[in-house]
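Several structures are given next for inspection.
In the two assemblies presented below, chain A is common to both, partnered first by chain B and then by chain C.
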Partner chain A sequence: MKKIVAKEEYCMGCRLCEVYCATKNSKSKDIIKTFKSEAGKLLSAIFVEEKEHITFAIQCRHCEDAPCVYSCLTGAMYKTDKGVVLHNKEKCVGCWMCIMVCPFGVIKPDLNIKKIASKCDLCLDKEVPACVENCPNEALVIINK
Partner chain B sequence: MNYIIIGYSVAAVNAIKSIRSLDSKGKIYVISEEEKLYSRPLISYYLAGKIKEDEMNFVEGNFDTKYNLKVYYSEVAKSIDFDKKLVYLYGNKKLSYDKLLITTGGVPVIPDIKGYKSYIEGIFTFTKLDDAKNLLNYIKRNKINQAVILGGGLIGMKAAEGLLAHNIKLKIIDITDRLLANTFDKEASCYIEKKLNQHGSEFISNNTIVEIFSKNKKLESVKLKDNKKINTKLLIIAVGVKPNIEIVYNTKMKTNKGILVDEFMNTNLDDVFSAGDVVETKNFITQENSVIAIWPAAAVQGRVAGLNMVDKKFKYDGMFGMNSVEILGVSSISFGLTNVQQKDGFEILVKKDSDYYKKIVIKDNKVVGVILVGNIERGGIYGMLIKQKIDVSSFKNELLRDDFGFLILPKDFRKHLVLKEYLEV
Partner chain C sequence: MAKSKYKTDFRVIRDQEKCIKCQACVRMCSNDVHYYDPETDSIILQEEKCVGCHFCEDLCPTGAITVKREIPEIKFNQHWDSKDVYNIIKQAETGGVLLTGMGSDKKFKEYFDHIVLNASQVTNPSIDPLREPMELRTFIGRKPDNINDELPPQLVLETPIMFTAMSYGSISLNAQKSLAKAAFEFGTMWNTGEGGLHQELLPYAKNVIVQVASGRFGVDIDYLENAAAVEIKIGQGAKPGIGGHLPGEKVDQEISKTRRIPIGTDALSPAPHHDIYSIEDLKQLIFAIKEATRYKKPVGVKIAAVHNVAPIASGIVRAGADFVVIDGIRGGTGAAPTVIRDNVGIPIELAVAVVDQRLREEGIRNQASLIASGGFRSSADVIKAIALGADAVYIGTAALISLGCHLCQKCYTGKCNWGIATQDPYLTKRLNPEIGAKRSYNLLRAWSLEIKEMLGGMGINAIESLRGNREQLRGVGLTEIELKLLGIKHAGEAW
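Up next is the complex of A and B:
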């Protein structure tokens, strides 16, 4: 399974990972529309943290022993055979148990509807996740575990 | 190896997954009072009309076959012979076990109220799907637009969530001064009280029902401690749940409020384990025995119990109370000890405005309680601070930051925490 590794010392805080993650998760898949006509409904699954000159980006760690999965009231949060934690929006009721138990704080309500949780899906439909692909300084890299 | 599990909800499901991860051959028998497996906390969403009955399963549809189970649905375990290792069901059926797991959950507490009769139409508890179904029918049949909820704790508020979706005006009565008394302080409660008032509902604090009036077996009104009378056709009794330990009464199993277990989820009897809302176990924060009747705790306990039923060496490190509740658009998450006083040695940090409240409780430089109202994003990190017992003395003043996250944590700890999950810092 692939894992995204974040390297704080290389991160410049440019937020391109956030921009491309939001675009990937947008309706239009168009960077300008994502931030203009679809603004306010951004769905970046990556969290860029900034404090003074230090920055880094964090998204779902796909924990081996994932609290969001066993705490989910509906079974919407699940783990694939390959260990990727995914989320079935159809089943989700927005009880926020996952937000409560996620030790990394990387699940958030879907701003489009505010009733469904949203998180990183490792861009399974792409070879390289959008955040990694667009990081200009290799602060986000992929490793195969 | 024969495994028997009495009760079939989240603790049982997680125990089954654990057992099967170590033992693919053993026979697993499950005894369930219910007709089918469903997620009980979802009944408030069902009541609200947000989900349908067939959407309440929380495992894959073929779970019973996938995990090779024999499930006795709609059957009740009557008694257990711990010496002969037998479980008796109603109808003279008996099953023998090598390892037994008791996950019988909780049952609603019905306080002793003058005039109360179980047959009075219009009085409901709210813990099972049947409760929600009957309630929904009753609301529709009687065109209910006003109701009384006795108890402002988690179950009362969940019932409130469901009833408010039908635009029913509520009067929520609690013996304490606040809503969600187990994990909220008065201030947090006020944010929800304000919303209830705007909706035309009301929270009545420091009060209780002393008498119930009915006519022709139908609920008419209730009288409060202060003699105030409220006419109502619907009363939800939601003062709490207690461990369902009936099956082990007068046996050699050790119980207090719930079934007592050690850190392996083992009862005082060999080969007999327990998990979920029925157990009383160590509170992670206070280290005192308590019943923490919440879904994530039941899941973890079930997992630990299941592993130990096969190979006893996995420890349960305790849980603390936590809730996630959303009422009338106000979201909230709370953890641990929150309603404590400075004079008792707690440090209290607060940040708030008209629709946002954040409170952090610290004891001996460790976070022991948190309330978030209005903005719950990244809330889980606070829970992690409690669980990992992080010394926060060096970054205490940053805990209330709006952009609270990992960057406020000391680099060493950040490294330690996230490295194993492949985040290099």
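Up next is the complex of A and C:
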């Protein structure tokens, strides 16, 4: 399974990972269109935490023992054989229990349609996730475990 | 009028069609040019603060930002430049010395641009470096007078290009680490500058030339013993005759440990070495260092190119230096008075040519290697300097450009957006030494390949055969005296 690792010492806090993640998760996949017409930032599944000069990006850890999967009452949140935690929008009823139990706070609600707006899927359709590919300082790297 | 409004040098253009208000520019500009106003949900510009480092332009994910030069206009005047006028206004307001960074940007004759290289045609074959071996290996150090004598200690370089002295303090540790790693991997040298050798850089010590300058910062026996060679710095091209001053606010714990000075104190390097007032005094220091390192390492001396450079270099060689570094007027700096940087010293092309000539005439050229530095912009400049008589060159500005520098010349403010000339923890982390090392390594590789191509064209298969080979050079548009000093013929003259 691939894992996205944040190198805190080189994260400069530009938050471009959020921009590119949102674009990747948008319908149009066009950066300007995503932010000008769609719900923009809401779609990002990566978040930059900052305190003073210390910044790093965090996204779903794909926990081995994922509390969001346990707490999901419809089975919308599930774990693949390879250990990737994914979310099925069809099944989601918007109870937001996963948000309550997520120890890292990396699941975001969509207030309009009462569902889960974004959650890192490790860009399984791409070889390199959008955030890693576009980090200008290579502070996000991918490791294969 | 008592006060004038500060004029902008740059116009920052934001294409609103493209701007997605991600605020990367707002977060990243250390000069606070971009500012987000939540009330109007717009990004406001304070262009007068822009230094033209182009960081925001490079970072903007949609390419919405363009930074354009906009020199404040005055009535057209052949004598008074807009820069002169606004410099006076600045000084009238502050009463201070104008500071600047990097090498001189003043319009001097670029001798390198007036020199052209030779190539083989018919009468001698050119060499294809992709098919045949091409030797760039360079040895720096004293060569024996007789071939049977024992060879004094030498530095072995895989390319005649080294990274010049830039201290930890003037540049960030990440910048130094990038260069150190690149030099280590390529097999050339990097230089500590006058800032000591940081603990984390010890793995790259096999390829370091350590500097002993007038402030003697960080100098102790371990420093000397860890190094591959020692360089005594007398002067630098950007500010000949001027000392250094690292402001106390930059001296944090790490720098304090490396320089061996208390945290927060100014690091002052005096203008002269207070124990060197003559060639004889210099000889004492050279031999004190040689004695301390058991004659196992080359010891060199770095001077700025000044009017008397040839006799001074001769004195330095006679004082026992194993290599002499000449830094020309285009040499860079982290901070220098503008007036000094732009007006003191002589161009490196002339300095190298006259020093090489003088040492040959005196029969002591073999006793020391000659390293040229100061404003090398391309591999062509490097190869021309070598043909003029240099053994190797130092690059500083070019190396920093490979790390991201856009020559905004604001190194002295400590706000370098590229994370190079700063110690601010918000900014230094922007330079990932992994990327930096890769990029500066690529620069060395690219220039070395180009040098091989040019050598091949001349029908030469080793850089040794080009060294001081001025027949390979011709001047274009140079006067008689310039040609004489450079020791080259004018284009059109055959051998």
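Note that the second predicted complex is superposed on the first by the 138 of 145 C-alpha atoms of A that agree within 3 Å, B and C clash if a C-alpha of one lies under 4 Å from a C-alpha of the other, contacts with A are read in each partner's own complex, and residues count from 1 in each chain.
We adopt the following convention: a contact is a pair of C-beta atoms (placed from the backbone, for glycine too) under 8 Å apart; a residue touches a chain by one contact, two chains touch by 3 or more.
These numbers were taken from a predicted model, which means no experiment stands behind them.
Asker: In the superposed model on chain A, is it clash or fit for chain B and chain C?
Answerer: On the superposed model, which is not a single observed complex, chain B and chain C fit side by side.
Asker: Thinking of the overlay built on chain A, is A:G13 touched by chain B (first), by chain C (second), by both, or by neither?
Answerer: In the superposition, A:G13 touches chain C alone.
Asker: Output check: A:W96 vs chain B and chain C. Expected answer is one of first, second, both, neither. What do you get?
Answerer: first
Asker: Tell me which touches more residues of chain A here: chain C or chain B.
Answerer: B
Asker: Could you read off the angle at the CA centre of chain A, spanning the centres of chain B and chain C, to the nearest 10°?
Answerer: The vertex angle at chain A equals 150 degrees.
Asker: Can you report the least C-alpha distance between chain B and chain C in the superposed arrangement, rounded to whole Å?
Answerer: Chain B and chain C, overlaid via chain A, are at closest 13 Å apart by C-alpha.
Asker: Determine where on chain A the residues touched by chain B overlap those touched by chain C, and list them.
Answerer: 7
Asker: If you look only at chain B, which of its residues touch chain A in the complex?
Answerer: 14, 39, 41-42, 45, 50-51, 55-60, 295-296, 299-300, 303, 322-324, 326, 331, 333, 335, 376-381, 383-384, 387, 403, 405-408, 417-418, 421-425
Asker: Which chain A residues qualify as touching chain B in the complex?
Answerer: 3-8, 47, 49-51, 54-56, 58, 61, 63, 67, 70-75, 91, 93-97, 99-109, 143, 145
Asker: Which residues, counting only chain C, touch chain A once they are in their complex?
Answerer: Counting only chain C, the residues touching chain A are 17-18, 20-24, 27-28, 58-59, 61-62, 419, 424-426, 429-432, 434-435.
Asker: Which residues of chain A touch chain C in their complex?
Answerer: 7, 9-16, 18-20, 31-32, 34-36, 40, 53, 134, 136-139
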